[in-house]
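Presented sequentially are two complexes of chain A, the first with chain B as partner and the second with chain C.
On to the complex of A and B.
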């Protein structure tokens, strides 16, 4: 009786250990594949987000560019993987113009800004009211300060270099654009390529805006009015951007190690809204 | 007794792990779907705003042009599939330059706004030969997308 029980116990033990081992292998492979798929999914979401951010940045930076004979072009330099633009930081309308200062009306519908204008970093474009299509470019000479319009409405006084006055054609009702020159370009860092942005006025180092991209993963093309390749910034009427982003796999940690990175491409063509 | 307890603990741990993975995958898929729908809604809202601005650029009766600084007049309303709607106004700036401001909103079926786009155009007004209506002429540097 006791011998029979010992033999039966050994068989049960071997069978249960075998079943446990089989189950452990099955569950392990299930966990590994699930974690791998989860990781791939999240990386592909990040990949799509990278492309969305890059397209939105290029579109918003280049779509609103304009040009006139006096204020020049909003496009400063063009290249296959870089562009220099006047990036809008604020906009408003002048209620008074005096030598050395332009007074912008404040309030909803009058003044909108991503941030406060900064002297030495930002400049102004002010539209002349006496003749069509003539903008005057002015440097912001000192920090803006609160003021009032001639009718008593709250205002922001923008000290400017030079001597803008009525003879320049600026006056009440002149639209104002506050802008800074920024560079958007592809650059390499930590073994990957990134879309970066930097202000040229401050000389700051380039900061990542979106990425990572494949090597040479940003190709910009600029088209002139005839449909040919634009050779100067002032001739650009549309642009085409081809972006190739890759997933980020820093370190390859976890049980999904070794899965190859994903890659996705997008091409966007945008017509400049205020072409020459 | 001891083996039954271990098996139960192992089974519970495995089920919890698989459940966490499934929940994370579901959350990711849901977030991805919402991001895609949001991007589509923004495009539809932008199209509605641009349609309203385009309607405004066709011109309007001269008598409707606002005169006082800050005064606005409604120019156009458009409805697009989605549903999305857009409208545009002309705003006097106190001089010969006016602003055409356009809004576009993509709404949920229940009426809540899913996405909104705004844009502004600086224009000068040109009278038609008959003089009873005006046509706007867009200024250089005059187009501006406004982030809500």
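On to the complex of A and C.
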């Protein structure tokens, strides 16, 4: 018998290559469709994230509003796609109140802040001790500095501007809210619409908070106590917000090429803390 | 006599079969991940719906004050197929609100229920 037969023959080679090709096409198409589905899910998750961030920002900014301070409504201005609100930046409890300065007790459970108060940018709302819901608005006149409470505990001294009689009713135990006026609005950038925020005190440029949204993708409605349309900030009891977000990948490349942009909508209602 | 060197066609086929099964198994793990992502999206949306309903009921109570009249029970079908049902009653100057959200047809997801109490304004 001849020993010349070694390895595979040509027919076997062609058959195995053909099978390889068929299997590669099958597995490739399967993986491509799976990757496509996963990509679409990821985009929908990103879309959901955009909506959730926007809703959380609107809810946290709007539901804490009130109209129970000497400074009038916490809502400064309203529009179909913008609001100006007093945004909380810190909160605490006073341990001493004197004309020109309010001393806030420091420590866990006493003082909570997103950042240090800044003079010229932030203001204070301080509630009366004798009757709740009578918040006094005071401007922060100078940078805060460390101090001590009458009992020797560490504290933060907040220099305030305002007539001395504004301190009437305030004292040890008064709740303190530090706030700044901020604008939340829809703005256009790079061909897309974004929900942005900016501090009015600093005059800074608007910063993106969430997006992208469809053109005109945020519509705000304002409801008064009777359920009708509120025409002034001081009459707003409740907000209706409709948001339409889109994905960022329209006109993508590679595996994303040619796929349509997703769009998702959500409508939320927010009622303020202390309505007029 | 020594067997000829190299692979036979049967061996090559078996090797590809094993490889295919492995790749299919790998692709199969993508399905549950995508399903869980979809469920998370629905649960998040249900949370927004419930929070909005509570705020709408609060606004309705303010509109009706000084009377403390709870809203009538109702039902609403939202975009995406989530069905929201709510009911409210008054007890001891508190409005007890119950909201049930039914996820869109999904045999794995059960309805979500939120019960809260609102003070009469």
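Just so it is clear, the second predicted complex is superposed on the first by the 228 of 276 C-alpha atoms of A that agree within 3 Å, B and C clash if a C-alpha of one lies under 4 Å from a C-alpha of the other, contacts with A are read in each partner's own complex, and residues count from 1 in each chain.
FYI, contacts are C-beta pairs under 8 Å (C-beta built on N, C-alpha and C of every residue); 3 or more make two chains touch, one makes a residue touch a chain.
None of these values were measured; they are calculated from a predicted model.
**Student:** After the superposition on A, what does A:202 contact: first (chain B), second (chain C), both or neither?
**Tutor:** In the superposed model, A:202 contacts neither chain B nor chain C.
**Student:** Contact-wise, after the overlay, does A:48 reach chain B, chain C, both or neither (first, second, both, neither)?
**Tutor:** both
**Student:** Check the residue A:38 against both partner chains and state whether it touches chain B (first), chain C (second), both, or neither.
**Tutor:** Both partners, chain B and chain C.
**Student:** For A:30 in the superposed arrangement: first (chain B), second (chain C), both or neither?
**Tutor:** both
**Student:** What is the contact status of A:127 with respect to chain B (first) and chain C (second): first, second, both, or neither?
**Tutor:** Only chain B is touched by A:127; chain C is not.
**Student:** Can A:15 be said to touch chain B (first), chain C (second), both, or neither?
**Tutor:** second
**Student:** After lining up the shared chain so the two structures overlap, which partner does A:225 touch, if you call chain B first and chain C second: first, second, both or neither?
**Tutor:** second
**Student:** A:175 contacts which: chain B (first), chain C (second), both, neither?
**Tutor:** First partner only, chain B.
**Student:** In the overlay, answer first, second, both or neither for which of chain B and chain C A:266 touches.
**Tutor:** second
**Student:** Residue overlap on chain A between the chain B contact set and the chain C contact set?
**Tutor:** The overlap between the chain B and chain C interfaces on chain A comprises residues 16, 27, 30-31, 34-35, 37-38, 41-42, 45, 48, 52, 63.
**Student:** Write out the stretch or stretches of chain A touching chain C in their complex.
**Tutor:** Residue list for chain A touching chain C: 1, 5-8, 12, 15-16, 19-20, 23, 26-27, 30-31, 34-35, 37-38, 41-42, 44-45, 48, 52, 55, 59, 63, 223, 225-227, 237-238, 265-271, 275.
**Student:** Using the touch definition up top, name the residues of chain A that touch chain B in the complex.
**Tutor:** So the residues of chain A touching chain B come out as 16, 27, 30-31, 34-35, 37-38, 41-42, 45, 48-49, 52, 60, 63-64, 66-68, 71, 74, 88, 91, 93, 95, 105, 109-110, 112, 125, 127, 129, 132-133, 135, 171-175, 177, 273-274.
**Student:** What residues of chain B sit close enough to touch chain A in their complex?
**Tutor:** Residues in contact with chain A: 3, 14, 17-18, 21-22, 24-25, 28-29, 31-32, 35, 39, 69-70, 91, 93-97, 99, 101, 120, 122, 124, 137-146.
**Student:** For chain C, which residues count as touching chain A in their complex?
**Tutor:** Spelled out, the residues of chain C in touch with chain A are 1, 4-9, 12-13, 16, 19-20, 23-24, 27, 30-31, 33-34, 37-38, 40-41, 44-45, 48, 51-53, 55-56, 58-60, 62-63, 79.
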